[in-house]
Amino acid sequence: MNDPIILTLITFIPAVGAIVLMLLPRNDQLIRRAALIISLVAFAFSIFLPVNYESGQSGFQFVVDHPWIGSAIHYHLGADGISMWLVLLTTFLVPLSILISWKSIHDRVKEFFVLLLLLETAMIGVFVSLDMFLFYVFWEATLIPMALLIGMYGHDRRIYAAVKFFLYTMVASVFMLAAIIYIYTQTHSFDYAVIREALTGHSSYAFSPAALQWLFLGFFIAFAVKVPLFPFHTWLPDAHVEAPTAGSVLLAAVLLKMGTYGLLRFNVGFFPEQARRNAPWIIVLALIGIVYGALVALVQPNLKKLIAYSSVSHLGFVVLGIFTFTQIGTDGAVYQMLNHGISTGALFMLAGMIYERKHTYELNAYGGLATPMPVYATFFLVAVLSSVGLPLLNGFVGEFLVLSGTAQSGLPHSIWYTVLGTTGVIWAAGYLLWMYQRVFYGPLRYEENKHLPDIGGREQISLWPLMAMALIMGVASPLWMKSIHPAVEQAVKPVQQVHSAQATSQQ
Amino acid sequence: MVPLSWYLILSAILFCLGVSAFILKRNIITIFMSIELMLNAVNLSFVAFANYWHNLDGQVFVFFVMVVAAAEAAVGLAIIIAVFRTRETLNVDRVNLLKL
Amino acid sequence: MNPISIVDYIRILPELVLTIFGIGVMLIDPFLPGKASRKGLGVFSLIGTLAAVAAGFYQASYLAANASFGADGWFGMVRVDSFSIFFHILVPAISAICILVSLEYLDQQNIRTGEYYGLILFGTVGMMLMSSAIELVLIFIALEISSISTYILAGYRQRTAASTESAIKYFLLGSFATAFFLYGVAMMFGATGSTNISEIAKKLSEGNLGSLSYVAVALMLIGLGFKVASAPFHIWTPDVYEGAPAPIVALMSTGPKAAAFAVLLRVLFSTAAPGWFWLVWISAAVSMTLGNFGALLQNNVKRMLAYSSIAHAGYLLVAFAAADFAASREAGLSAAIFYTAAYAFMNIGAFAVVSHLAGSGERFTSIDDYAGLSRRSPLLAFTLTIFMLSLIGIPLTGGFYAKYYVFSAALSSNLVWLSIIGLVNSAVAAYYYLRLIIVMYMREQTVETEPVKVTPAMGLALVLAAIATIYLGVAPNNIVEYSKQGAQNLLPPPTQHAASHAAQGQ
Amino acid sequence: MFHQILFIIFGAICIAGAINLLIQRHPINSALSLVVVMGSLALIYMLLGAEFVAAVQVIVYAGAIMVLFVFTIMLLNAGVEERTRGSRIALLLGGTGVVLLIGMIAAVIFTNDKLVGGVKIGNLIPYEKIDNTHTIAGLLFQKYLLPFEITSVLILIAIMGAVVLAARRR
Amino acid sequence: MTDNINLNLWIIPLLPLAGAAINGLFGRHLPKAVIKLVALTFTGASFAYAVWAAVQGSHIKLPHIETLSFDWIVAGSFHVPFGFYLDQLSTVMMLIVTGVGFLIHVYSVGYMEHEGGYYRFFAYLNLFMFFMLTLVLSNNYLLMFVGWEGVGLASYLLIGFFFLKDSAANAGKKAFIVNRIGDFAFLIGMFLIVKNYGSLNFTEVFNSISNSPLEVGWGLLTVVALLLMFGATGKSAQVPLYVWLPDAMEGPTPVSALIHAATMVTAGIYMIARSHIIFDKAPHALEVVAVIGAVTALFAATMGLAQTDIKRVLAYSTVSQLGYMFLACGVAAYSAAIFHLMTHAFFKALLFLGAGSVIHAIGGEQDMRRMGGLRKLIPVTFWVVTIATFTIAGFPPLSGFFSKDEILWQAFSSPHGGSAILWIVGFITAGLTSFYMFRLWFMTFFGELRLGKADAGEESHAAHAPAQAQHAAASASHGHGEDGHGHGGVHESPWIMLAPLVILALLSVGGGWIGIPESMGGSSSIGHYLAPAVASAAETPQPADLEASEHSKELMFAGFSVGVAALGFFLAWLLYYKRPELPDRITARIHGIYNVVYHKYYVDEGYGALFVKPLLALSTHVLWRGVDQTIIDGTVNGAGSASKGIGSELRRMQSGNIRSYAAWVAIGGAAVVAYMIWRGVGK
């Protein structure tokens, strides 16, 4: 038993904590505190990862591997530069989500925090699983707590939204399950590395190109829905609008990343050739997502819907970056995943704060809030700017690298992809600033808003870490990049090789 | 000498008449009788095959079928009585409370 | 010379135990006052079922000690191998949970007859025999024992129209199907001259199959297809389940069904029956589709679960189809065996909740009656959620692993389309199972229902079923292993059969 | 030849009885038609050398079971069948199904000459002629002992069922 | 001449940032005095440090490059450091930014005295300084882009400083978005640079490019150059992206002076000058730059003719002057551009501050039609504005004369696309500039004060009125606006405001003397100073014999310029002093054209109708309601209801009738048997 236990700890502390919560008496305050402590403990443990991570190394670290069911299914965890940061993002955001739900959740408090912690375990599990079966287990396991969070604590149309969220994802993941099982039946393994070896063609397993294409699509559809990529995105606005704040935060910040993470880890990792071949239309979808999401966000009358559509747009960048298969673009995509988690997480938290006060997300109900709530307005502005991609804040680094990578990718018409993608920066400024203006600037539109209390200490405490991260990540990206880089290199290298092979064969 | 197929055809005809009766009759008791008819048809096949194979297992089988048929009859008629008590009718077309 | 050795009695030990307890019930019942609750009897029969489970385990250990135990006994009537022992443990366990659920139910419905438990016990005898019988005569009789006892139990609330209607429908259609099965047996006898599975297998594998044997298989498929509620012979299921008493539905949707699948496995695989592949394929596809789409619109939970059971029969048949290929025969068979167990626990758990909530006269079986259940009884809501998730096929539940196992077998033999149909179906199915979860957790109570108080017995039943469901999802190793052994036992000794099938597949 | 004539006669009676069962609208008439079928079958069993089965057929089936039927008909005072429309699907599908079934089974039986068509049966095998019942008894109490004993459970169930369902409750 | 000396250039931008951080984070709880102190100290220190660095810079070899020990972005071989770059160009820019910036800070202390959000204002202003200094000091395009975007942000915040006014908020947003459109091109330009040169560091990129041959057609370099130029048109308010600048006047006047006149808007010029190596290799791009500059100069000047808002006149004037600088860049006369940039920074800042002083004095009124006769009332302001006006009009020996003249001369004579047409356009613009500036001068300071009088012009341009009324209402109701000082009577501004004016006036007068061309006996020292940084590599030294004739020609052209400036002065005098009723008659005569000009050629409206409205309509009706809700969700929900439909159809099997169930079994059974027979026979 020399396996490092750290990943297991991080993954299951929240779940164990959830069980503890279940056993605690129904004392709301006690439960809140306990939940916060548990999540902080998980976060504290996760700090261990980057501290002890050997960033020069590619490949997975902190690996645990035990047989679980039969000989094929293993309890196999590991983290590389990509997943480690996503784990950290998760553990980082959950305590904040708990803080943000401190007061807004007052009914069925226990269930809420239990679900939240279970969700955390599942999300972390998704990122650290190196066994496809285990991955799928965690993948699906995120579904239930999230759907329940939306459905139990959401707003008016919560049930519709929860069902839509659940079914959309469920239907899509079924295809991934089929693909996973099919691969298993051919390779008799669920192990990431083994499958990768088998699929990338250095072994005796014979997968026909057609089979590979179908498998690729099977994975792709599951992840594309999760991302969500146009045209599979319509569950997102509904889910966000109805979800409670913490749900929205985690949904946007982490759950969507599962999709992009999957695309990178599996679609690109397993199927370099197919990824290459399918890249043009996927990129087109991503670009449509960027522009489309932004344009639709522009005209949303509802704050959360607007942020939701902005996520569609932002995640388009991530997908774009991944499918450029350039080191720089994919680096940027990974970074952008983290950024989006921070900035959109902050936006949703801020939206939740105003909702607590006014119980509406309609932009029309606001206007001129900068006067009664200056501190809030300032935080909001920073979040908006981070989302807009202002240099020195986090969003810019990712977007720049992604677009730069797009320009460099050897794909045909890559320059036009770049141009279209870059329009995203204009749109983002448009819809976010317009939203900001409608909420905060101008004369106070409603007299009763005059006495809205500004945000208090707890709320500030939950926002400061995000603000700080937005700035640090905007200024000191190499801290992250040095571990992301080797991992990405490993992911995209086969694709680049495929590409160069094709190039040479064409000559 | 009677060819085996004659017995089998007779059996098949009886079986299918039983099926038809099941489908066409309205009275529950009659429907139940048509099941008995089907079982009889099966028995005929068994006996014929037993003869054909010179194997008495077929006849033993028939014996067991009869036992089962008797048990079924007892239970079936009890159920029919219970139905009649709750519905006051023996017409199957009126026993359609549960549907869709 | 006594040709019947003591080992032969061990071969039917669980059945014997149950029969003795059943007779005990019959003997005690008359001495109880007419109006008295039959809870004591229930506990007595519960002990019986547990004893039967223990006997099953004893058989397992006995088999592990002496391999010869797995040979045919009772003049080639029964064979107690891993396959049968699997069901010898599963079926009484199901009955035990069913009895636990019934303890309270009978009082609630004001049923004061001990025959109820007797029928369950005797029915269980039939179901267990179905799995160990290797002679069509015994299979037939066992089948009838289990069927007839469930016919009666279905009509047990004989003063309600729904219950009697359920019974008569079940009875008439069941007998109708039995006649087909029997006709098939006759044809098989005609084609092979024997009613013993091994003999038949030998004859069939010798080749020179007349089309009579095909007709025989077809007719038996009709009969057994009816028993397992697979399309197009599923049609009785919703009506019967809706009308029958809820604990009985719990039983008959699991126990007899598992047993019937066991028989189907014996009949199709131990005999190496020919030609059925596409039938099963189509039946699987149609069952899944009809079941799931039919369930979409149901507002009655029992009826919804009935449709769901049709769908699950479909999933199970996928494993059958997969097992037709040499490459995935063992996987397919063990998947099928595993599935029966997984399905049994999640479904019986679900019906346990349904029966608990139904209240006296089973008035509250509509989905709306479940609104706000999470507030009224978190335990019920939570366990029902587990069962629903398992029925959907969410990981870490038995339902998921079973489904995964089935589809992995199917994909190993390249049954891609069937798998896709199945997986898409399971996604569709998520909708109606989810509806129940939604109603419990996300809606507020609107209908005034009876207060729910979970009695210890009910709690135990729920927890057991839930634990079993989770266990099968989290650590299915042992069960999978056992089902694999069962699968190997099921197959006839290797002959040229494999070759002939390999040629036949797709 | 004699056998054939007898078979044709009793076969025809069987079919006629079955058809009569179908077309009679009063259950009692149907029941009587069924008795006729069973009786003729018993004779056909005799033709096949199955005396034991023939006897049991008369005693159990025609005797016990049919009496039970008639008794129930009387008990419930069942009258002439109503002409309800019922289900048209039943007629349509069922009719087709039945026609198909009979046609196909017949086709199999006739086309399967290899197996059955050519074999003429009816010549009773000597040892069976001598002690058919005896042999059956032997089978029943040795090879078929377990099923035989298990049948008792079945019958017990049937009794319980009848008691539970038909008895008027206290 | 040591090279390894470390100037710690990062301190220069970081000082204002520290000020911004202190004021921004804690300013709410600090007394005003501390806020002022912090703001002034940090900018002042920055200025002082910049001067020191400039002095040091003269001792070391330029360009001097410093990189901080940690990178900003690393992705594989692609590095972006936090690196600073000091050469002659950035020295000049740095000094302008810190110097003018400091002065304006000082001015603001007085100007903003009575406004709410004092700390906010200074935090923003300091933040702006930080970004602007980052912009001019960075050693790579990306860090430059940081400043580029950052000044945009600061501009957004400062324009929208009076956010209670919708117009201010709108203007801020418009500025940011229009700038973003330019940035979009800038970004793509950078992507192309990274793609082709693998780096964004000036040294590396320029080294690679200077080795490549002159591009004859429309190749990569031209494209890159055009993209960069398009980026510059956004920041420097050139056609077609100038539209944000006039609206930006919603911001407090010091902001207009600092950001929208002296510094930020010149970032585009700086960027082109900085990238001159690229432009030099792409003559087509240069041509485009020149044309855009010329067009903007003229176009904006005409719009300036008809404006009545004092700040808007100055805004158009700024656009027009920036056009000059663009024009200079377009003929590869970068040092001329930077020279004009510098003088413009002085006199335009002065003009704005002066205008601010005027506005301050008369209680927030900005409409020139209501001013007049202020000469006596606010004499100091009058005099400094007078200096500035004469400077911008180009009268010698004021600084504007030298710098503008240099541009005009280069436009004509530059070997890189100089032409008579460009000169004529510039020449006409000079006339127009003179005219509208003196119009402003006369209207403001001469005649009689018309404050509070509704004049005829007001009604004839009623279209404008509601907007203004709205401003007034918005400001009045919240006591937060610029005119909320609440002390009656016209009064001179306090000395803390006047002192910077005076200093700027001195600079306006004398600032040009460092660039007196050789033809006028000067040494053109700024040109020589900047030469190492911006001299075009392709620039061929002019033959000595040609120089003499060139000099005389240059003098002649200078004469023309002065002449046309004088003509402008005369016309303005005639129309707005001598016969003030004439303008109305003339406008009535040419009502159509006047209206067009008055409404700024309807460009804003055109953009609105062409882009904004269709885009919003498209997004709402086609994309959101159409694609999202109808098509995609419709499909999804349709699939759902279709499933239910199928379900309800399938349920009809379940008729509840036993006989029909049996029939199903029978038909199913028949099918099964049929299939098996077929199998059996086929066997």
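In this document, chain identifiers A, B, C, D and E correspond to the written order of the chains, with residue numbering beginning at 1 in each.
Quick note on the criterion: a residue touches a chain if its C-beta (ideal position, glycine included) is under 8 Å from a C-beta of that chain, and two chains touch if they have at least 3 such contacts.
Remember, it's a predicted structure, so these values are computed and weren't measured experimentally.
Asker: So with subunit A out of the way, what's still stuck together?
Answerer: Without subunit A, the chains stay as one piece.
Asker: Compared with subunit E, which chain's mean CA position is the farthest off?
Answerer: The chain lying farthest from subunit E is D.
Asker: Just how far, in Å, is the C-alpha centre of subunit E from the one of subunit C?
Answerer: 78
Asker: Distance-wise, how many Å sit between the C-alpha centres of subunit A and subunit E, to the nearest whole number?
Answerer: So the centre of subunit A lies 37 Å away from the centre of subunit E.
Asker: As a quick test, compute the distance in whole Å between the mean CA positions of subunit B and subunit E.
Answerer: A distance of 96 Å separates the two centres.
Asker: Between subunit B and subunit D, what distance separates the C-alpha centroids? Give it in angstrom.
Answerer: Centre separation, subunit B to subunit D: 6 Å.
Asker: Quick one: which residues in subunit E touch 2 or more of the other chains?
Answerer: Residues 640, 651, 654-659, 662-664, 666-669, 673, 677, 680-681 of subunit E touch two or more partner chains.
Asker: Among the residues of subunit C, which ones contact at least 2 other chains?
Answerer: 137, 141, 144, 148, 151-152, 155, 158-159, 167-169, 172, 176, 190, 210-212, 215, 238-239, 428, 431, in rising order.
Asker: For subunit D, what residues touch not just one other chain but two or more?
Answerer: Answer for subunit D, listing residues that touch two or more other chains: 86-87, 90-91, 94, 97-98, 101, 104-105, 108-109, 111, 116, 144, 147, 151, 154, 157-158, 161, 164-165.
Asker: According to the definition already given, which pairs of chains are in contact?
Answerer: Contact pairs between chains: A-C, A-E, B-C, B-D, B-E, C-D, C-E, D-E.
Asker: For subunit B, which residues count as touching subunit C in their complex?
Answerer: Touching subunit C: residues 8, 11, 15, 18-19, 22, 28, 31-32, 35, 38-39, 41-42, 45-46, 48-50, 52-53, 55, 57-58, 60-61, 64-65, 68, 71-72, 75-76, 78-80, 82-83, 85-87, 92, 95-100 of subunit B.
Asker: Using the touch rule from the top, collect the residues of subunit D that touch subunit B in their complex.
Answerer: 3-4, 7, 11, 14-15, 18-19, 21-22, 27, 30-31, 34, 37-38, 41, 44-45, 47-50, 52-53, 56-57, 60-61, 64-65, 68-69, 72-73, 75-76, 78, 81-87, 90-91, 94-95, 97-98, 101-102, 105-106, 109-110, 116-125, 128, 132, 135-136, 139-140, 144, 147, 151, 154-155, 157-159, 161-162, 164-166
Asker: In their shared complex, at which residues does subunit B touch subunit D?
Answerer: 1-10, 12-21, 23-27, 29-30, 32-34, 36-37, 40, 43-44, 47-48, 50-52, 54, 56-57, 59-60, 62-64, 66-75, 77-82, 84, 90-94
Asker: Can you check the complex and tell me which residues of subunit E touch subunit D?
Answerer: 655, 657, 659-660, 662-664, 666-670, 673-674, 677, 680-681
Asker: Contact residues on subunit E for subunit B in the complex?
Answerer: Residues of subunit E touching subunit B: 651-652, 654-659, 662-663, 666.
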